[in-house]
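Residue numbering begins at 1 within each chain, and the chains themselves are lettered A, B, C and D in the order written.
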Amino acid sequence: MAILVNEKTKIVVQGATGRQGQFHTRRMKAYGTNIVGGVTPGKGGAMLDDIPIFDTVEEAGADAAILFVPARLMRSAAVEAIANGLSPVVCITEHVPIKDAMFIQEYARQAGADVVGPNTPGLISPGKALLGILPPHIFAEGSIGLLSRSGTLTYEIIDEMTKNKLGQSTAIGIGGDPVIGMDFISTLQRFEDDKDTKAMVMIGEIGGNAEELAAEYIKEHITKPVVSYIAGKTAPPGKRMGHAGAVISGNTGTAESKIHALNAVGVPVATMPHEVPQLLRDLL
Amino acid sequence: MKLLEYEAKDIFVEYGIPTSTGIVIDDVANLKAALYKLGLPVVLKAQVLVGGRGKAGGIKIAKTEEEAMHMAEQILSMEIKGLPVKKLLVCTPSVIEKELYVGFVVDRNKKKMTLLASTEGGVDIEQVAEKTPEKIYKVTIDPIIGLQEHEARNTARKLGYTGEALVSLTSIIDTLGRIMQDKDAELIEINPLAITPEGFEALDAKLIIDDNAMFRHPEFAKDMKETQEFTPIEKAAKEAGLAYVELDGDIGIIGCGAGLVMASLDVVNHYGGAPANFLDIGGGATAENMKKALEIITMKSGLKSIFVNIFGGITKCDEVAKGILEFNPPVPVYVRMMGTNEEEAKRILNEAGYDLYGSMQEAAEAAVKGGK
Amino acid sequence: MAILVNEKTKIVVQGATGRQGQFHTRRMKAYGTNIVGGVTPGKGGAMLDDIPIFDTVEEAGADAAILFVPARLMRSAAVEAIANGLSPVVCITEHVPIKDAMFIQEYARQAGADVVGPNTPGLISPGKALLGILPPHIFAEGSIGLLSRSGTLTYEIIDEMTKNKLGQSTAIGIGGDPVIGMDFISTLQRFEDDKDTKAMVMIGEIGGNAEELAAEYIKEHITKPVVSYIAGKTAPPGKRMGHAGAVISGNTGTAESKIHALNAVGVPVATMPHEVPQLLRDLL
Amino acid sequence: MKLLEYEAKDIFVEYGIPTSTGIVIDDVANLKAALYKLGLPVVLKAQVLVGGRGKAGGIKIAKTEEEAMHMAEQILSMEIKGLPVKKLLVCTPSVIEKELYVGFVVDRNKKKMTLLASTEGGVDIEQVAEKTPEKIYKVTIDPIIGLQEHEARNTARKLGYTGEALVSLTSIIDTLGRIMQDKDAELIEINPLAITPEGFEALDAKLIIDDNAMFRHPEFAKDMKETQEFTPIEKAAKEAGLAYVELDGDIGIIGCGAGLVMASLDVVNHYGGAPANFLDIGGGATAENMKKALEIITMKSGLKSIFVNIFGGITKCDEVAKGILEFNPPVPVYVRMMGTNEEEAKRILNEAGYDLYGSMQEAAEAAVKGGK
């Protein structure tokens, strides 16, 4: 088992013919992901290796979508996927206007679709499906669910976990933008409901109060062990630390506040990334 | 992209929000003409993109021409939080009976814009939120439909207004919502929205346009170049397309991916070091990008060592290694690399005599020690 | 019993202080309708006789709304009523832009609210509540449900019914515009579900194919007797006969087509308005 | 409000839809200049607000200047379905490979706009709908969100296009949807949308703006006065704010409420009479309104009798009665009145010698007999 996608999920890649799109479509396919087609308007009928390219999502007959389209086309492309009943809809692209991101999320909410991102490395259910740009070789099948606002930091921690024989059920980058689809709370609940996930690793960072809200939620609704790491303890206020969402505004969004909230509900927070595996072992 | 007060006010005026405007000058030589038009007294307001102008002495009232000349000269030669004051807004002071707050901000958790309004204007709204949260009225805006007129009216009513005042305030809130929508604002505020004997008046204006939406707003392209204020290093980073934040310490940091770079700062700090900067070279960086990144962080004086932390997914380690050699940094570099083409990178760097580490904590610790 | 409104329904009148609004608010109140307030932004605190005027619908605490606002304010006023959970929302005003009417209907559909109109005389549950501009003295309590696209023609037929001792459970003008809220089908179903309604009178006119669709619906879903009258047998094609919706386009919207469809499913159609009572008696 | 072909095409051009434009003339004297710019051959198209121009001889192709002059003169002096041709669109004929149909119409039952598209363009879409409904592709548009780009693209795909053609057609459909939304169109059509060697081209344009939305569209205020074509009676009725439709018969009809007036026509017809008009004085009519209504219907020659049918709710019967006396109609008037102030009205009219009836069928029957 895994959350959101598995080896049977039929995937369409929107924006499959761009440079990034081609590279990652091939890599996802090579990993064994059930890619049924790519979509690029005006390129329908072409092939990417043995993957057919369509003009519209409708023609691809997929269950879920991953999007590499340019930021300014993200809204219309995501709406197309959602309108066709696809879920999850994984939006890799960064620099999507926040107004468009909000539109997409509301449209998805009304349609009951799961959106991941935008500005996310995507997700992987190791051994089953890769729906993103994460480097698949560092992952291993297992029973830890990972959810993170960061990309490379996730790889760092996954690498430590895999080396320590702590494989993953699904690992998901929820995205580094201020407005994203699946958030910590909805993702934690999915892992809670997944019988093959035994514990969760939640990687947070400065900005907003999603970690604080997740802490409250964990207290009320999550029975499985959760460990955490929060990046940005030394970040100054008022500056965006790379990610659009990683900014301390006034007193809100500090790492201290997040760590405090998590500790208060019994979630251990690693001081350094490489300590995560040990914290997991302590709880399992 | 933040707009200066007068730029935001120009937009307010265009949309019909009653606004205290005035005359913008960038040279004291133009003050006399402004005073001739406006009369005395005048308010002189430094046009800078940081908060706390008032406390820093950037807002003054002048009663005579001499006073005005003196104050204008003073303000136009000051720096506020490191930013030089290049422009001054000269306007006629308003008779203020009461100060309100109206603004739209992003609610990350609801994934929607929120209208905030309060009878406690003129102060930082975050302070009001902390001390008297019951005095802030909130409405969550549907991202598909946008602000509806009755939401603006309900808000005006909740602030206690009726009659003509209710109608005016409804219109101001409704219009502010329209500007938010039309201009892709991620923040728009009138604080204070004053009540004067003539009615409501926007005394200040704050407007941040979503940088990612700039492709829809050619009208801002010119302004941005003119008024965005960056340090020379920030400017160089921006031009190179690198995410850079200047910090107080002396250990330069380069990594790929915002989260990993933040974690790198934290680990350096954990070992007692003080990072000099945040620099994310992003995914898929070339030797050229890496060289440029090193150039940028070494623009800062007093650098003692550099910590390079690469977890190569899309990024190829050998490219990064080549970039380091091309630049040949003036201070010791401590490199941690893993992932794509890791072996080749190690070979290149070892040959050139660089220190390579197997984990980020080891490399960070070495960089801290090496920087002492 | 009656459909949509009864003597307990708390009604707010939006646009109560205009000339039409005042006149009809007083008349509805005099009829015994449970009017709890009027709404005119900027006039909150005033009184219309003993009826308080509010600035917002929120303050009125009503269950349902009737709107006399100018056509260009209809969309925002109707949205206000719907957003406050009111239903039905009766839009009397004519000349509402069709784009705004469509917006209102979709907004209401998502919210689950009933909208009547725009461009309707409203409705009456005789002896219980008047929510419109219909002349109440011609109505009588009874068990016939009436639904109509027309105003004065309705009065004509109601008058004949009342004189013939055929009282009404509820009479509703669904409106003469091309795009309206409650239509023949949804209203027929309400009458079907109302235990105190024994038969229905459906008054149609040229334009569109609502009567044809209603005929199909009656065949499948309506067990109670229905009689009908269709106006516009002599109307020429291509001309709007007063009502925005009353126009024959090409072959569609003719009275012949509607009469034929209704007769085909066993609904008798009166040749002249005064024949309606006899047709009803034949079926009861 | 219907727009003329060239007016609709101007909007298409403004929005970037590839459109076959040309030069509009209202006088043959200007044709030479047009031919000089366009060259030969040319298509001459009568600009009138009714369908069936082609069949009526309102569209011609001229190969020589002489031919063009002759045809232009001919068309500019013709009437099509009773409307004089005042303007002529002169354009270069396109090389047509195929003709499509694209349009947006109101779906009353869904309460939404519907996009219709078909590969069978150039003919009446209603004919296509009847004969080969499977050749029309439909998309219902969400009234809150509007047409979404993928809906336009799916439509282009369903019509069989790929590659560049798909991209162009998607853009045309998407833009047409935007015009519909921006301009409050209740109908917008390109028929035919031609495929030419240069790509898609709108050869004709039909656009009906919602009269009720005119307050949002000051840009049409001027055009309406210039180009809307009404008969003198229709114009008088429009100015008086009365709903009037001219019919073929000789019995004038005045009533209150569209449904009641339609029923009045039907009843008159039932008794063997032929109504001369439809006239609805609306609710709450005054004596002045009634007088005006009588003036308008009696502008038509050959009137034999008048049937006045009032069911007074808001309308006061005595006001209507006064209006009849003020005008003093030249032909017999048969009045049926009931409702508000019915008794007073009866008194007034009886004194003046008018016939009053207790039901509409009696009055209608009398009017038919009286008119013979």
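Observations on the model:
Following the convention adopted for this analysis, a contact is a pair of C-beta atoms (placed from the backbone, for glycine too) under 8 Å apart; a residue touches a chain by one contact, two chains touch by 3 or more.
It should be emphasised that the depicted structure is a prediction, and the values quoted were computed from it without experimental measurement.
Chains making contact with chain C as well as with chain D: B. Chain B has its Cα centroid 27 Å from the Cα centroid of chain A.
Rounded to whole angstrom units, the spacing between the C-alpha centres of chain B and chain D is 56.
The geometric centre of chain A is 51 Å away from that of chain C, both derived from CA atoms. Counting partner chains per residue, chain B shows two or more touched chains at residues 144-145. Along chain C, residues 107 each make contact with two or more other chains.
With chains as nodes and touching pairs as edges, the resulting graph is of another kind, matching none of line, ring, star or complete. Residue ranges on chain C touching chain B, taken from their complex, read 41-45, 55-59, 76-77, 79-80, 83, 107.
For chain B in complex with chain C, the residues that touch the partner chain are 145, 148-151, 153-154, 157, 162-164, 166-167, 170. On chain C, the positions that touch chain D within their shared complex are 71-72, 95-103, 105-107, 121, 133-135, 148-156, 159, 176, 178-180, 183, 203, 205-206, 208-210, 213, 229, 231-236, 239-246, 249-251, 255, 271-274. Considering their complex, residues 106, 108-109, 111-113, 124, 126, 130, 142-144, 181, 184, 186, 210-213, 215-216, 243, 245, 247, 255-263, 265-270, 275, 278, 280, 283, 311-314, 338-340, 359-361 of chain B touch chain A.
Against chain B, the residues of chain D that register as touching in their complex are 144-145.
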